[in-house]
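What follows is a pair of complexes built around subunit A, which joins subunit B in one and subunit C in the other.
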Partner chain A sequence: MASRTFPLTLPTALLCSGCTGWQSALDPHAIQAARLEHLIWLFVAVCTVIWVTVTVVLVVALLRRRTPSTHNDTRMTRVVSAAVVATAVIITGLTIVSFNATRGMGSSDANALEIRVRGYQWWWEVTYLDARADQVFTTANELHLPVGRTVHLQLAAADVIHSFWVPNLTGKQDLIPGRDNTLSFTPGEIGVYRGQCAEFCGLQHAHMALLVIVESAGSFEHWRRGQLGPAATPRGAEEKTGKAVFENKACASCHNIQGSSASGTVGPDLTHLASRRYIASGLLQTNRGSIAAWVADPQTLKPGNNMPRVTLDASELNALSAYLASLQ
Partner chain B sequence: MSDSGNPPVSDAQLERPELESRLAATWRTPGGLWGVLSTVDHKIIGRRYIVTAFVFLALGGVLALLMRLQLSSSERRVLSTDWYNQVFTMHGANMMFLFAVPVMEAMAIYLLPLMVGTRNIAFPRLNAFSYWLYLAGGVMLWTAFALNMAPDVGWFAYVPLSGPQFGAGKRADIWAQMITFTEVSALAVAIEIVVTVLKQRAPGMTLQRIPLFVWSMLVTAFLVILAMPTIMIASTSLILDRLVGTHFFNPSEGGDVLLWQHLFWFFGHPEVYIIFLPAVGMVSTLVATFAGRPVFGYLAMVLALISTGVLAFGLWVHHMFVVGLPRVGESFFTISSMSIAIPAGVQVFCWLATLWDGRLSFRVPLLFVIAFLITFVMGGLTGVMVASVPLDTQVHDTYFVVAHFHYVLIGGAVFPLVGAIYYWFPKMSGRLMSERLGRWVVGLLFAGFNLTFFPMHILGLMGMPRRIYTYSPEMHWDTLNLFSSVSATIVAAGFLLFFVDVIRSWRHGPLAPENPWGAATLEWATTSPPPSYNFPRVPVVGSAQPLWDERDSVAVACGLRVDRRELLITSVVSAQPQARDSSPRNSIWPFFAALASTLMLISSIFTPWAMVWGSVPVLITLVGWFWPKGTPEDEG
Partner chain C sequence: MMRIIGILVLSLFLLEGCARESRSFRLDPPIAASLNAVAPMPNRIGGAPPDTDTVLGQPYVTNAYNLNQGKQLYTWFNCKGCHADGGGVTGPAFLDGWWRYGAQAVSVFISIRDGRPHGMPAFGNHLTTEQIWQLTGYVRTIGAYSAKTAAPSRNDEMQSRPSENRAPATVAVPSDEWPAAPSR
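On to the complex of A and B.
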């Protein structure tokens, strides 16, 4: 966009060396985010010109040499009126541009991927919908999307208001109890993008991230088939013990693992926990160590979250983390 | 003071020295604790209000520094998440409800009667009551904070988070009753302002001769009267949901979560103009005085104030662009939000024209105006950006918005306010503040503010949401946050220096001449600080700039009695004298009434029945307050 090279936005651009990022509105990877980025730079350019003009006039007004008999109210009236008209014209223009941008954002696609995202304090439940019940599956805190295919999100909230925001892909939309909101966008490039809850939702609002993995149609299909299946069967003795711990301790009353007796619905579905890159909604990268740390003391890592500390001895914790880390 | 027996004494019969001593005897505030608690002098109450509001500003500033410390780098553990949520909620609620709105009304309480040439504000006992109630609300909120039970749901207290199911303990109830305290007091002051401006102006001060600051406060007062009831309904419904088990905001029982947001922002957006419009009036006053000419385009300025006030009620939905409202509605609110740039533009252009044409005197207050213009215009322009629905979907609830509204509120309201304190300080104290320190204060605040808040625009675009107590180093937000946190200390230094200057100058500043800045408005037509009765004789106004056009001899009216408190009632449009009205004497009852109301409101946090038995003491104090005195109300 031409306005990006506008010299007055240069200081901003310099300060903004970190604009490229996995959670940045200025590093778009979908048509929607790209349109919004253009709109942002257009507004920035126009506003910068106005601000500089006003400041220059102010500085001249303050510093100019006063000569007697320069009072000329008629001329001042004319200049002020012109400036007001210019203001009206500019904001009318910006309103039209903004209106057009809104219209251009809507994407309806019969082939759109339907996903329901439900916000919980403080994690995201993600359900891939399908007309056929056996094609429906649930995961958490991670969306996999095929590149180039429009996705249609149904946004719902289980407790308080949350807001779905993945700036690299599109603008945000709130998840509100008692209301059904939707959001559509078409990811344009393969990559990993981060999103974060944008509406204050309580103690762990800061730790309510989600990851969007945009991949080729083939990889997506591979991942989808994997998610449809039940959890991996434990192989080693340690993992088998871990599964028993999970089923017999408090874990099973809140979490679901397909293919085990655990079928809780309060916490995230853990059927393919180890296939997800992070646990606890973006808090820790998934590995056996972080899983053990989390299970051992969730309230220190994420104070106030709804997972209680379950008393386990060292061998139980060890077995449990081995089992969970095996759930690819 | 009694009417029985003695014949009435009018000021027409008296020479100046005797007139002044008799007026002083009639209007004085007695010394001692009784005097402190019972005074109804608008100057004493106004000064109290201003000092209290600045104490809350300092406290809120400390909270801001705590937040900046917590966010200065990723994963700091200065504040726990629970404390952080209390701190940011307290910062917002304190700054909006205990500092910004009260301080603007406080300036009006002190200045308006002087600027319109009357002896006291209308309903002076209500004024005293409003101060005590405001103080009680502030003390309640900060006591709750000290007890680790401050609200933690944001200054906006969105349901369901603040509702009975998710807002545990008494925290959200304290937020809701703090609203009641501050809104009752703000409404009381607004009514006083409207009546003072419309009915107590000096003879001859027709509508087109009202000073712009007075106009701005009149518009503000109407905004308060129209906007505040909404938030009181909202907070009352919330407390009913929490304490009585109603379901106004419970979707599973037919309530609506978004109803809260509509009610809150129908108040919340005008709130911004309730803070900003008085500042606009201050800027107009300062610009006129230091440019040595009336503000260019008086009529345009007044119309801009009024149209801002009207438009303020048509754009609350721009706080709700991402809740999923119908497109058409959103577009309407984009247009209305953007169109408020027109009256704002009118005012900026008129000030620029005035500065262009005037003979400037670069004293500290004018420097604040310059800082204001540069900063506020930027805040206004980012306001145009967030008014665009699609653009807002990226920046809403991010640090971009944090930057935007601090540019508008600090740049647009606090800079003019501090400038106004430098300007009117000699009126209040009889002494000037330091010109040298003042220049440092401007410099530190201006530089510190921009360095602190400009980077937040970029942080917002880089994806940093508001109200997060920490962030991961993977986000690469560390550098800008650290920069912002370090710069915040410059702002703190600026305010510290300002407070030092105020405290030092109050006792040791150089004595101010009668009209130190050569201003045009009536408050400078009496001594500094003014006597309890404001003016020995009520001035008569013949132009919009009485002290410039009638330099040495402002005409005066006579005929008011001096043996009891009387002031002149004039007509709304042309300010023709209509009646002599008695003005209430000092009374302890407003203080007792405020105590009784405090007892009732605080108890109601714990049991709704407090509204029933708590109303008995309130009733008793009101009977005392309004007990007939036997003085005739007014005489034509």
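On to the complex of A and C.
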């Protein structure tokens, strides 16, 4: 018996491992995601019961010996009517439940943290908005959120349609060029969650990930203050050379580093590049080696992205990677 | 039966429609370097394009992806700031099809890379050779007299001129005479 069940337990275990983790709709860490999870399970349960019932009826009907009878018409009418009524009731019920679950999802409150997320091929620009201009800052591919505080996202797109989806926290919402969408949710638990673009947006759609770091209000405030400041001053000759390379080569025409002369707006803001966990939208972990590899040949690591290979000699690349890795 | 086979065989030709233009994302460094080696005339107007460009089949004229990248760069690097949407403001227009330094690709390439007197800045340090070629290809489509087979995608915003893959709109030649009044 054990040998017979074993082949079944392995795939089942593998399936269940997909239910938890940092990118799963079945492991909710926000009220909005929990509502959706209840909805998913309700639909699965109702549909399973219906499917099993229909299958059983079908099997019974196939196996039953046919008896010639002519008095079953009334009974048949009753059965069919009951089935039609049941279908109508179930579908209406599911529609109402689904409507109720999604209705409250867009609600916001006055104290919400206002963030603008703009989708690009293939990365996310994240701007923390504030009524005061000196409190606004821009980062990329990483959202830091204080736990328990509602966040209100303004979703925009620069080129094609993208979709914001962090399954542990909330449902999907499209980012559409020329039409701003909004999305609100309240992260309920400290943790690191992964999101992904959920609308096919081109060649590197699969490499368009987003990290959401939900932290305590204190450490969020600490992070926010760090992001508001200018970039770290280069220490040592190598980092200083790296800064000069960045400012004088093509890097500066697309990227912005606050506190340097580089002020491009085409590519991600690199002011605090090294404080982010990943580069190139979740492609590589941030460290000096991966930064150097990326700069040396971005089109091999992520073909089709908009970063060109800028010709640098070995010492320039070395200095540049040292400088970029120092931008905490 | 023969008819069905015939239809099937003919419909195989439809598969040809699935062929897609190939995009080159990564130029090998030696090729990029050789594309930078243009040979302009001493007055920096006109000249020979790099042999590599010819060998590759003029990818910055015939490849729609490159033209499209050029179009993106046109916006990103604020060419619009001086040349507008091809109409020209402080910089010369492209739409009229008249080129101050000649219509040849090499002239346009040199204008972008090294700059020109009276305000055109040099972009040699801000763009890679490939990007300058993409931009060159795109700029030359703006004032084209005839429609091209390769073209960038259409603008999302409102356009002040016919899109690049169209021949220019025919302009009625102004006449000295008033048009005849419509007969009643």
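Convention: the second predicted complex is superposed on the first by the 309 of 328 C-alpha atoms of A that agree within 3 Å, B and C clash if a C-alpha of one lies under 4 Å from a C-alpha of the other, contacts with A are read in each partner's own complex, and residues count from 1 in each chain.
In this section, contacts are C-beta pairs under 8 Å (C-beta built on N, C-alpha and C of every residue); 3 or more make two chains touch, one makes a residue touch a chain.
For clarity, every value in this text was computed on a predicted model and none was experimentally measured.
Chemist: Could you check whether subunit B and subunit C clash or fit when both are placed on subunit A?
Modeler: clash
Chemist: Is A:P303 touching anything from subunit B or subunit C once the two structures are fitted on A? First, second, both or neither.
Modeler: A:P303 sits against subunit B and subunit C alike.
Chemist: Pick one for A:S163: touches subunit B only (first), subunit C only (second), both, or neither.
Modeler: first
Chemist: Taking the superposition on A as described, I'd like to know which of subunit B and subunit C A:A25 touches: first, second, both or neither.
Modeler: first
Chemist: See if subunit A has more residues touched by subunit B or by subunit C, and give me that chain.
Modeler: B
Chemist: A:A101 in the overlay: touching subunit B, subunit C, both, or neither? Say first, second, both or neither.
Modeler: first
Chemist: Check the residue A:L129 against both partner chains and state whether it touches subunit B (first), subunit C (second), both, or neither.
Modeler: neither
Chemist: Which holds for A:P177: it touches subunit B only (first), subunit C only (second), both, or neither?
Modeler: It touches subunit B and subunit C both.
Chemist: Now for A:K249: first (subunit B), second (subunit C), both, or neither, which partner does it touch?
Modeler: second
Chemist: Name the contact category of A:V56: first (subunit B only), second (subunit C only), both, or neither.
Modeler: neither
Chemist: Starting from the residues of subunit A touching subunit B, keep only those that also touch subunit C in the other complex, and list them.
Modeler: In subunit A, residues 177-178, 303-304 are touched by subunit B and also by subunit C.
Chemist: In the complex of these two chains, what residues of subunit B are touching subunit A?
Modeler: That would be residues 80-82, 85, 153-154, 158, 160-161, 165-166, 251-252, 256-258, 296-297, 300, 322-324, 327, 330-331, 334-335, 338-339, 341-342, 345-346, 348-350, 352-353, 355-357, 359-360, 370, 373-374, 377-378, 381-382, 384-385, 388-398, 455, 458, 461-463, 465-472, 475-476, 479-480 of subunit B.
Chemist: Tell me, which parts of subunit A touch subunit B in their complex?
Modeler: Contacts found on subunit A: 12, 15-16, 18-19, 21, 23-26, 33, 35-36, 39-40, 43-44, 47, 50-51, 54-55, 57-58, 60-62, 64, 66, 70-71, 73, 76-77, 79-80, 83-84, 87-88, 91, 94-95, 97-99, 101-102, 105, 121, 155, 159-161, 163, 165, 167, 170-174, 176-179, 181-182, 194, 196-206, 282, 303-304.
Chemist: Which residues of subunit A touch subunit C once you look at their complex with the stated criterion?
Modeler: 177-178, 248-250, 252-254, 266, 297, 299-300, 303-304, 306, 308-311
Chemist: How about subunit C: which of its residues touch subunit A in the complex?
Modeler: Residue positions touching the partner: 23, 25-27, 29, 32-33, 72, 76-77, 125-128, 130-131, 156.
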